[in-house]
Every structure is written in C-alpha cells, then in structure tokens.
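Presented below are the structures under discussion, each in the form of structure tokens.
In the two complexes below, chain A is the common chain; its partner is chain B in one and chain C in the other.
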Partner chain A sequence: MANVQDGAVTRDLTLRGSNHVDAESFDIVATYHRLLKEDPDLTMPMAAIEALIEFLGHSQVKTVYETIDLVKTQSEKLQAAVRNPIALSHGTDLFSQYLIMSLKQPAASSASGTGAASSKHSPPLDNPHESFEVVRQHLLRNSRLFATRAKNARERIAVNGRKHLHDNTTILTMGGSRVVGNLLGRAAAKHDYGWYTDPPRRFRVLYAVDPALEAESNSVVESLRAQGIQVATIPFTALAYAMGKVDKVIVGAEAVTANGGIISSMGTYSLAVLAKASRKPLYVAAEQHKFGKTFPVDQTDFSFDQHVINFYSNNNKDTKGKEVSMPDPIDFTPPELIEAFFADHKVLTPDEVAKEVIDMLM
Partner chain B sequence: MDKYTDVNQLLARIQGVARRLVAAQPRELVIGNIVRRVLGLIRDEALENRNEAGSDESISSPVRDASPPPMSASVSSLNEATPLAKMGRPGLMNALTRTQSMFNLLADPDTIPPIWSTGASPAPGSGVSTPMADPQSTDVKALRSEVIDGIEEIMDEIRQVDEQVQAYSDIIIHPGDYILVHQPCKTVQRFLTRSKRKCTVFLVVDPSAHPAEDPYASFRKSMAATGSVVVNIMNTGLMAYMSRVNKVILSARAIMGTGSVLVDGGASVIARAARELGRTVIVIGGVYKLSPDNQIDQETATEWGNPSKYVNYSDGRMVGQVTVKTAVSEFVPSELVNTYITNLGAHSRDHLHAIVNDHYKEADIEFDLYGTIRK
Partner chain C sequence: MSTEQNGAPAEAAPKPTEAPKEALAETPKQTATNQNEKPSKDAKSGAESKADKAEPKSSDAAGDKKLTGAELKAKAKADKAARRAQQKTSKEVAKGEAAVSSSPGQLGPSAGEVKAKGGKGKDGALAAAAAGRPVLLKAPPSAVVTEQKIQIPECFSHLSMARRIPMTQADKDVHPSVLMLGQQMATFTIDESITRLKATMLAFRKVIESYITPPGNVLARHFTPHVLNIQIEYLTACRPMCFSMGNAIRWLKLQVSKIDMDASEEQAKKELCQTIDIFIAERITVADEYITEQGAKHIKDGDIVLAYGRNTLVEKAILYAHSTGTKFSVLIVDDPYEQLGQQLAKTLTDEGIKVTYSGDFGGLRNHMRHATKVFFAAEAMFSNGAMYARAGACDVAMTAYELGKKVITLCETINITERVATDSLTYNEIDPERSSAAAFRLMFDATPDKYISLLVTELGSVQARSAPDLLRKLEEFN
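Right after this comes the complex of A and B.
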C-alpha cells in the first residue's frame, strides 16, 4: 500500500491544477434535477450517482486522489443545494465509497489472466492510475446500466416480497410508494420462476391516503384496482380504527438509515407506532442503494429544519414563528418498529441492514 | 443417478431433488437447511478445484484446508468463497467479501464473475477473469469424493449437536432451579440430565399420551439419579405452575433468522404464559435448525394434525357436530424468546442473521424451495 501511495503523490504533483476548469464549468445541481425530471422512475440516490458519473465524464482528471477529492466537493455542492439531502447523500456516499474500494483493489478491473494467478503477485505490479482509468471508463460506459439495474431492483423486490404475501390477507399501506405499488401489483399476478409458475396471490389492500400525497396515492390505487386487486381507501385519520382488519403493513422508504430504521414520508412513523401497538408486522420495501450512513437518533436529528412545528399567536411581536413547513416532509421510523426489509438482494432484518451499511463504509 | 459433467448440472440436479424432498414435508424447514448446506458445499469445493487448476500452488488461504467440522472454523472458509474472493487478493479478501453486495449496483458487468446463481447457468464467456468450463469438467471425479466427504462432515456435525449443546447446560441450570419444559426432544433431555445439579423439572406432557407408555421414562430415571424432581403438568395447570418457574426451555423444530421459532403444538402458549409473567424463555436446537427461510408467519407455520387422539370416532355426537383441530407445529414470535442455544453457544436474536449468513450462501438462500407447495 505504501508503494501505491508514493506513486500517487508524485503523479499528483505533476498534474494538479490543470483540470479544474472543466470541473467548475459543470453544474452538478442542474444535472441532478434534469436527471430526476427526465426520468420520473429514477430514485434520488440513483440520480445523484448518475450526476456524479456525468461529472466524471466532463472532468479530465487522471489521478485517483484528485478525482476522489473532486467527487467529494461535488457531492457536498449537491447536498448543499437540496433542502433534504438524506436520500441523495446515500447515493453519493455509495459512489465515492465505490471509487475508494476500486482504488484499494487495483487488480479488480484490469485482471487479464486468471484471478488466481494475478493474486499471487499482487498490488505493487499494478499501476493504480492505469487501473483507475479502467474503473473510470467502466463507470462512464455503464452509466445507463446502473440506472437499469436500479429499476430492475423494483422487480426483484417484488419477487422477494411475494413470498411474504399470503392468500386471504389484508395489506395496509400508505404514501404512494412506487416500490410498494409494484410489489403488490406483481404479487397479484402470477410469476414464472422458470421451473414453476407461482399462482397469483389473492389479498386485499387497505390504502391510507394522506392528503399531502393524494395524487401519488391515487395513481397507485388506480393502478392496483386496474390489476384486479380489491382496494379500500381510508383517510389517514382512520388508521387506528382500521388496524384491527389488517394482517400486514408494507411501506416504502426514501432512505434507509445506518441503524436499520427508515426515513420516509411524514406519517410513516405514526403508522409504524400504530402497527406495533396492534402487533401487526411492518415491512419496508426499499432498494439496497437507499441504504446509507445517516443515523438519526430522534425525529429532529436531521441536518435541516423541516419547520413542521411552528408556534405562533396573533400577537404582533410573533413574526418569527410564521415559517412555512418544508414541502414533502419526512419522519424517521426507528428499527424497533420494523419487522423486515424487502430489498432487491434479499429479505433482511433491521440488524442485518445495519451490518451491511457498516460493511460498506469500512 | 445419472452422470453429470459439470458443477452447474450437479447443482441443478440437487435442487430438483431438494424440491421433491421439501414438497414431501413442507413445514420441516430443516430439510431446506440441509439442502442449502450441501449446495453451498458443492460451490465451495468446485471453487477450490477451479482455483487449484488456475495456479500450481493452492492460493486460497490456509483456512480453507482446515475445513468444516467445527462450525466456527468453517465460518471463515464460507465467507471467503464469494465472487470477489475468486479474483483472489489475499490480504484484502475478508474486508472485501463483506462489502460485496452493496457495490453490486455499480459493479462492472465484464469483470465480476457471475455468481453461480440459482439454477440458471452462468452465461458462457462472461467470466473473463476466471476460466470456467474446462477445469470443472475434468475435475468432476475429484469433486464427487470431496462433496461426499463434505456431506459426511455435515452428518457428523448433526450427530454431535446434542453433545455440544450439553456443554452449555451448567451455565443455564443452577441448583434449585425450577425449569419448565414442553415435550422435550432428545437434545433438551440430554441438556437437562447432563447438568448434575439438583433442580425441579416441570414436564408439560401431551394430554392424549397413554399413561402406560411413558416416552420420558428414561429421562425421569436419569433425572432421579441426580436427585432432581420431575413433575408432570397437563395443559390446564400450566399457569398455576408458571409463577414458580425460573426458566422455560423449548425445543425448536426450526429457528428463523428473525428469531421466530417453529415449535411443537402446545409450546406457543407456554412461551406466551412465560412472557406474561416475565420468565426467561430459552430455545434449544442445533445450528442446522437455523433456517434462512423467513416468510413463515403465524398462519402458515401452524400444521394441523390428526385429532383422533383427543376425540374418539365412536363419539358420534362429537364427530358429527364439532370440528376438532389439533396443531402439530406452532409459531413462537421472536419477541417471546430471550435466548437461543445452539451447538455454537448462546445467541441473542440480533446475532442470528449473522449465523445464517455464515452457513448459507446468498445464492442458496434466494433459492425458492417452497413454490409448488405453498397454498
């Protein structure tokens, strides 16, 4: 490792400073918003990753460390420009961690002989910059593939989740999550495993509609009904009332935290508390790329203020309190309230999520 | 059985047999566990062969040679055999294999060798960095004997479970304890008799059991030899005794990664009663009972059996007008259990998933055995 670093330092000196122009002319924030707009199916972490890859395409930097440095500043720029950067930061973290990992394993992308043979005479022989260029090229080349993989993740979640949906049950959900909508829709159709065709599940869906998310919720409800699933919509206020009729609760998430909790649209926490009180298992359908190192300890432990709670009276002096609440507010559901996650790679417990996040960052 | 020419064929064939086995006894999760262990074993052995073929010296680390029987050792060897390890960078291996799955999203499709996924054979030629086909087909013979050895080792491991679990009995059982057990299996019986400490055992027995044939006669005898007292309890007396009990020991039919347990019919109510009064609930079972299948819930876990032991067919009025159901297996949700004891030691619920991951490969965990019989 020492050799590698020495090499990098000397190269850095010769190249440093010549390429910053490209980096500065690139507007990562605009790119991020454009990507999200262009493709409504893209999740925030994925859009962040795609934006960073586009940035890599624009910058001409050749050295590993400089690139990592630039990716870091670009990520920070992006995070600063968005009011709620949690989901996005999980994407940028994953991306920069991937870069660092690729640097640590120079043989990974340039392996030409057998894996076994090259491992015998490991790192010192490999030029880290060459192999880094390979990684960079791979990222630029496969950027679309990543987006496709991320979208396919929803299908894999549907396959993993359908095992947990049993006939003649009632599933409660909320929030207009596309992952959940897809999961339920797919479960109500048959699935071909190749060696066996799984028959459709017959279940009913109870959809709690939050007025703030009415449009998204209605589109999910409509599509579920179109697929022949019996759906009842209830107002959010009727959750506790309806809980007795429910067998399982499934929600989506914007981001999955390092302790195995979730950041999701406002109201998810209330739903989770109610489900726990009635001992109904709560499942979260979320892609693995939403996992990240955010570690909130309570509802207010975020880097931004949502201004959800604003006290004020009609007294003239109280002008400070009249702040507007953040659009798309979120809350944090702690891991104790979650039974399991339906992720794209497997079904896992909150503890397992925590372990995966730690593994990723180490 | 027919000949197979490569590993994927062998894996696919075993998966086919596995489905038949599972379909015969769908609620016996242990069948699926062992099948997955064997599949994982084949993957390991094939991988090892391949690595040896790739270079003259055996490059996979020495841990591999020290292989299975003590499970703690095989933990590290199983970890190693993930796709990244195939690319072989010894020093970083452990750090890398753990992180693998999060980075799959960004992985280069050209260099990461295909995971030998379920059934589907890897696309030929996609494993640029690893020579696939040739070494495999030549080594089938060697593989065969290695796999058979491996299966023997798994069988040995299962045979040794009782003995290894017993070793923890002195930690759990204290002199003067009042212990409640429900229809103890051999493992639990030995666990109790091994500790020579004097204690009182409340034995919850099946009310339908014929008094003449006591299945626990030898258990009673060996408990009496150490001066312990064994008291029979019928279901109805359960709660009355529970306030005296220090700990409840249940034998598991299967333990799920989430901590929920599949038990014999009648044990679930005991777990609930114990929780109500704050008594410790301990679940005992070999590590081979720890199952990666976690889709089972209260409803699907319950197996309904033959009730004729409880209601006689000669009782015409009963048979005609009453539906009698008896549960053969039941589900104990994870929050009712305090500790799990396996042959690897005592575990908390949070730790179970790690043991599951150590024993089964991801490709095998995903493998759906239950499709045809789920209803």
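Right after this comes the complex of A and C.
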C-alpha cells in the first residue's frame, strides 16, 4: 500500500517537477534580449510578447488559470529585469489581455493579434481547457505572427500618415525613430492604392540631432537623403530657432500612455512644448501595440528613477549626489501637446487613444 | 413667500396638526400688528423671534421694550405660527422634489408619513456634536432648532437635506437595521459615500434574510415594490441618497427581478445574499484595496501630498505609501466647517508621517506652492468628468491647477453616475447642521474635469473625462 502510494506520489511529483523545471529553466529575460538583438526592427512590446510565447511553448501546464498566473509571474520577472519597463509592460499587458479574451471567446483560433483584444463578450466554453489548448497551439504555430504584424504595422502607418503630409512643407523630426523614418521615406515615393496611385510628396525634412542618439539619427538621415529627400540637420539647441520654418512636427514614441500622451526619448517633451508655443501641430507615429495602461501624471511619475537630475558640489564629498543617470532616458509628453496619432489601424486623437486603451486593456 | 402661496393650500388639508390651527387663530392679530407680518423675511427679526420663543416673558430686546407682556406673547405666537406654516410648505416642496429626483414613483405615501418634528432639533445638534461634528456657525444654543429654522429660497428648493426622523414616525415595515442606518445617516455618523453604500447593502441583506413572501406572491415580483421600496423611501427621507447608493439600488432591483420564478424562496434569498456579498467584495472591498495601492504608487520620495479634509481612501493611500517605505510629508488643508482633517492628522502622525495642518483656506496658495501633489477622493464622478466632492474641493483643485500641481482623484467605479453636472447647484445637499435662517450651506461642489489630472479607479487609471467610458465598460461586464 505504502509503496504504491509512494510511487504515485513520486510520479506525480516528478511530473509536476518536470513542468516546473521547464518553466524555471526558461530564462525569459535572456530570451527577450536575444529576440531584440536578433531582430533590430523588433519593438520592445513585441519582443516581450514573443518571449512570452516562447515561454508558453516550454511550459506544459494544462489549466487556464495556471497559465495566466505563470504568464503574469514571467511578465513581472521580465519587467523587474529591465530598468525602464514601460514599453515592455504594454506588450505583456496586451498579451495577457489577449489570452484572457481568447479564452472567453468560443472562436479562439480565429482571433488574431492585437485585434483580438477588442472586447466582445460571450459566455465561456463548456470546456475552457480545450479552448485553452486551441489558443495555445495557435499561438505556438504563429509565434512569428506578432512580429510580422508589427512590421506590417509600420507600413500601414506610412500609408495612414502620408495623407497628412503635403507638398512644399517642411517636417521637423528627431530621435531616430524607425517608424518616422519609414513614414517619411514612403511618403516621398508614390503609393499604389490599387484603384489610385498616390503621387510622391515633395517635402523637406528638418532633423534635430540629439547627441545621445547621433548614430540612430544619422542612419535615418542618410536613408532619407538616399531616397531623394532634402534633409537639414540642426543641433537640438537650435530647435526654437528653426521652429518658424517648420510646418509640421512628427515624432515616434516608445510607448503611448492611457491618457493619450507619449513616453519617448528624452527631448521629445521639449520639442513638443516648443512646437506648441509656435503653434505647429505635433503628430506621433506609433503602432497600436504600444498603447498601454501607464498613466504618468508628471515627468517623475514612473516606477523607476532616471537620476537625470543630480545636484552636487565639490565641497560635498557625498557620493550619493553623483549617481549615474539612466541610459536611454525618457520623458513624458502630455496629450495636450499632441495633435494626432498615426497608428496602424487609423489616425486618431489623444482622446480616442484614451478610449481605445480603456476598451482594449481595462 | 411664493412657496407658501403655492404649497400651503394643498399641504394644509392632509395634516390638521397643531400648527395650522394656531395659524388660523392668530391671523387676525397678525394682520393687526402690521410690522410683524412676515418676520422671517430678514435675519434680524428672525433671530429676535427665536429669542422670544425661547424665553417669551423675559425678552428684553431693545425694539420690543415698549410692548406689553400680552402684546409680546401675541407677537411671539404670531411669529411662530407664520414660521411653522412657511416651513412646512417649503419642506414639503423640498421633500417632494427629493423623492421625485432620487426615486421616481415613490412620492405618494411617504411624503406625508415621514415628517420631522419640531423640538427634536436641539437634541439632534447635541448628539451630532457628540458624534464628532463640531458645531460651528451657530447662534445661541437656544436658537439651534436646526432644520426647522432653515429658509431655503425657492430657486434652491430642488436641493434636499438630511433630517432626523423619529423612529416612531417611520413606516411600520421599515426593517430595524434600516431604521438604525437611517438614523446614522441623518446624524452623519455614516457619512462617506462608499461607507453609506456598504452599510446600505448590508442592511438590505438583512432585509432579504428576514423577508417572507406572503402567500400568493412571488419574491421577484413582490419584494421590490412592497418591501425594498419602503426601506429606500425611509433612507432617502433620512438623508438624500448618494449616487453610489442609487447605482447599487438599481443593480439590486435588477438582481431581484432576475430571480427565477420557480426557485424556492430559500434558494432565491440565498442567491440574493450571495450576489450582495460578491458585490460588496468586488465593488467596495477589493476596489478599495486596488485603488489604495495604485494611488500610493503616485506618491514618490520627497513628495509633499496635499489632502483636503479627511477621506478614508486618501488616508489609506497615504498610509500604504508610507508602509512601502516612501519618504514624503503631508499637508492637510481642512474644511473649516467640518474639521475631519484633524482626525487624519492624528492618524498620520501616529504612524510617523510628517504632517502640516491648516484649519482653513487661509494661505491656500502658499500651501499649494509647497505641495507637489493633491489627493482627493470623490463622493461621485459625473459623466462629463466633473468630480462631486466635499465643498471646497473645487477651490483647492483650481489653485492646484493654477500652480501646475497634479490633482489625483481616487474613486470606486460604483460612484460614477451617468448624470452630468456643469455647476455645483444642480446636484447638491444642504447641510442641516450649519444652516441658519439667514443662510444655508451646501455640502458638496463639482470640480470640472480640466482641474483633475488623474482618476484612479479599480478598473485602472484614466483621465477624469473618461469616466463615461468606464461606465460603458462596466455595462459590458454585466
């Protein structure tokens, strides 16, 4: 009796143990960094989602709730491992919302990508575990789907955004955003809608180069010039001076907040303030998967400290004041300074973004 | 006085109490002494008459000295009668309005049945003072016959106020737990929107537990009109319902109507009690916890948090932030009428949080300059994003806005109403304890959404004007 019981217990234990070993041996942080490195075009939220899908492939859990719980712990692990987890958390939030929504929907396999987050409510299946397996298999089979969609998103933004670029205008941008680079490049070429061929836009680009992002900026500038666009580069300090010559400002974003503001590389806020002061519209090119629940009320309202401002004097031997500022610092641009968003699904105002975030993620 | 003309004939008929008789008897005298015809019209004579009433014989007010004792008596009587008649009408109008606005269709029987009585007021004031509400803005104690004295101009007659209803005057079918709750609400012992909501739901749970369906009836059909509505009427008469109670009662009625007709009574009652338990857990308990945590996240090292008055949710958030090791201090600006901020200051200093306290709005701008963030908890949120909160909140929020400080509002989604307010007068409540014959005080104000940076709810943190989106989201859940 005792033997049998023992055997049963140990078998159980090993089974469980193996699951956990799988889940534990899987290093989600390393995977995330590997994915980002492998594919330089991958955005942070997308890398986070792909890392989570890889994790799902390694875990053997069978129940829905266990999985959601595991995804949650892995997301937290991932967020804890990076200094600025905002963009990443938008990815993980979207993914867990997608999981929950897919499991609520009977036609889980037909749900796809970010679209699935649209909240349609229907009674859960009689057997949620079965539906869960379907979702899981679907995810694993299409693990690259998210990345592909993300890249397509960039193209769709270019199509949505070109309608707002006009001939003989000067566009100001900064920050080495790939989305913006792509948008400007595509707009300078003709676009075939199928029923109508849109002629190329003739505009000039004024590029403010932030010394911290010189490499990225230069590569974007070079590629734009290679596409026949006239580009002038100005130092960041010349922004206010040059603003009079500008018709429109377009920037990219690392993450879009719940109120329709953006979190972007340091300096975007300054640019936005200057643009507002000169009454130039500021547009943000950002994919929908960057939308998230983050809601900073001011520049310091983040879960981490950037240590950008460090007071100290030579008299003060205290080393505490000499903390190193965070690499790739960010700032928050409030929605009042933003005219509109060029997203992959449509062009929308900050208020509409706020509404979408509530519908999609809350 | 137009209220008198409109209301008096209709109201005098069903209530042949002492007051109208007196009024009839004394009218000739009243007209004879012309100067006293409408004594309550200005504050001075009102105050005089109060003094007269308290000590009619020993009155030595300068103006009345020449009158003989008999004349004095007559005058006092006339005053009293006129006052009573007028109050009655204005009160009835107010009550009717309240019943109409809060729960249509319940006007009928209750309007006449539950009625506050004169002479109760003094005890009430004392009890209230004992219950922690400092008595301010009050004339000599003899004149504190609270609600009886308040003159509400007709243009404000849509606003209602709490009043103490003697238990004996309540409908016989009002459940004991609801009776008690009504008294607690009328005396503001239970004050905050969410506390009132929770107490109401728990009381209704007791009502359901002790309910027995009369033969030939079904719970789903009988309970709401014949039992629940009576409780609601009584509670509304004690103090106007807050928005969260309105929302929850609508929800509860829906749940009752959803009960399966074929289910046994035991089963139905059990189910209802369970749904109430879940409702309290989800919409109040867990919601509070989540909001506390989220609100606390916005408090950073080195912050100076400005709090206006005291609210449980704000207090919890501050304590939570402190417990997570954040180093910050708190600046309490208090409502001068109801200095609950002192309580907050005590609680916080007991926990070792540095507190600066200001008893009123003196130097508000200066305090605000030092503050980094302002925390509010909303009594309710309107669909246009306006915040309904303790009177004075709007002033604080506007000052914060002017000085570029961020205003963070904590609010459970049950407090969000589909109604819209662009001013503070459409929806409000009259403070029964700090209103006099000459003036009355409103308890709340509405802060437009542009002065609020962030609204923290249990569904997530949004901008204030997204409140209707949250409502829509909630409907999807149901």
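We adopt the following convention: the second predicted complex is superposed on the first by the 321 of 362 C-alpha atoms of A that agree within 3 Å, B and C clash if a C-alpha of one lies under 4 Å from a C-alpha of the other, contacts with A are read in each partner's own complex, and residues count from 1 in each chain.
Methods note: a residue touches a chain if its C-beta (ideal position, glycine included) is under 8 Å from a C-beta of that chain, and two chains touch if they have at least 3 such contacts.
Bear in mind that the values here come from a model prediction, so they are computed numbers and not experimental data.
Engineer: Scan A:259 for contacts with chain B and chain C and give back first, second, both or neither.
Structural biologist: Second partner only, chain C.
Engineer: Of chain B and chain C, which one touches more of chain A's residues?
Structural biologist: B
Engineer: Contact-wise, after the overlay, does A:94 reach chain B, chain C, both or neither (first, second, both, neither)?
Structural biologist: It touches chain B, and chain C stays clear.
Engineer: Is A:164 touching the first partner chain B, the second partner chain C, both, or neither of them?
Structural biologist: Touch status of A:164: first partner only.
Engineer: For A:355 in the superposed arrangement: first (chain B), second (chain C), both or neither?
Structural biologist: Both chain B and chain C are touched by A:355.
Engineer: Is A:146 in contact with chain B, with chain C, with both, or with neither (first, second, both, neither)?
Structural biologist: A:146: touches chain B, not chain C.
Engineer: Regarding the shared-chain residue A:309, is it in contact with chain B (first), chain C (second), both, or neither?
Structural biologist: neither
Engineer: Would you check which partner chain A:297 touches, where first means chain B only, second means chain C only, and both and neither mean what they say?
Structural biologist: second
Engineer: Taking the superposition on A as described, I'd like to know which of chain B and chain C A:339 touches: first, second, both or neither.
Structural biologist: A:339 sits against chain B, while chain C stays out of touch.
Engineer: Thinking of the overlay built on chain A, is A:104 touched by chain B (first), by chain C (second), by both, or by neither?
Structural biologist: In the superposition, A:104 touches chain B alone.
Engineer: Check chain A for residues that touch chain B in one structure and chain C in the other, and list them.
Structural biologist: In chain A, residues 119, 351, 355, 359, 362 are touched by chain B and also by chain C.
Engineer: Taking the complex as given, what residues does chain A use to touch chain C?
Structural biologist: Listed in rising order, the residues of chain A that touch chain C are 119, 121, 258-259, 293, 295, 297-298, 300-301, 303, 335, 351, 354-355, 358-359, 361-362.
Engineer: Give every residue of chain C touching chain A within the complex, in rising order.
Structural biologist: 297-298, 300, 373, 406, 408, 453-454, 459-463, 465-466, 469-470, 473, 476-477
Engineer: Under the touch definition given earlier, write down the residues of chain A that touch chain B in their complex.
Structural biologist: Within the complex, chain A contacts chain B at residues 49, 94-95, 97-98, 101, 104-105, 107-109, 111-112, 114-120, 122-123, 135, 138-139, 142, 145-146, 149-150, 153, 163-164, 166-167, 169, 193-196, 198, 281, 288-289, 291, 339-340, 345-349, 351-352, 355-357, 359-360, 362.
Engineer: Given the complex with chain A, which residues does chain B contribute to the contact?
Structural biologist: Per the touch definition, chain B meets chain A at residues 19, 51, 54-55, 57, 59, 86-92, 95-96, 98-99, 101-106, 108-111, 113, 119-120, 128-131, 257-258, 294-295, 297, 299-300, 350, 353-354, 357, 362, 365-366, 368, 370-372, 374-375.
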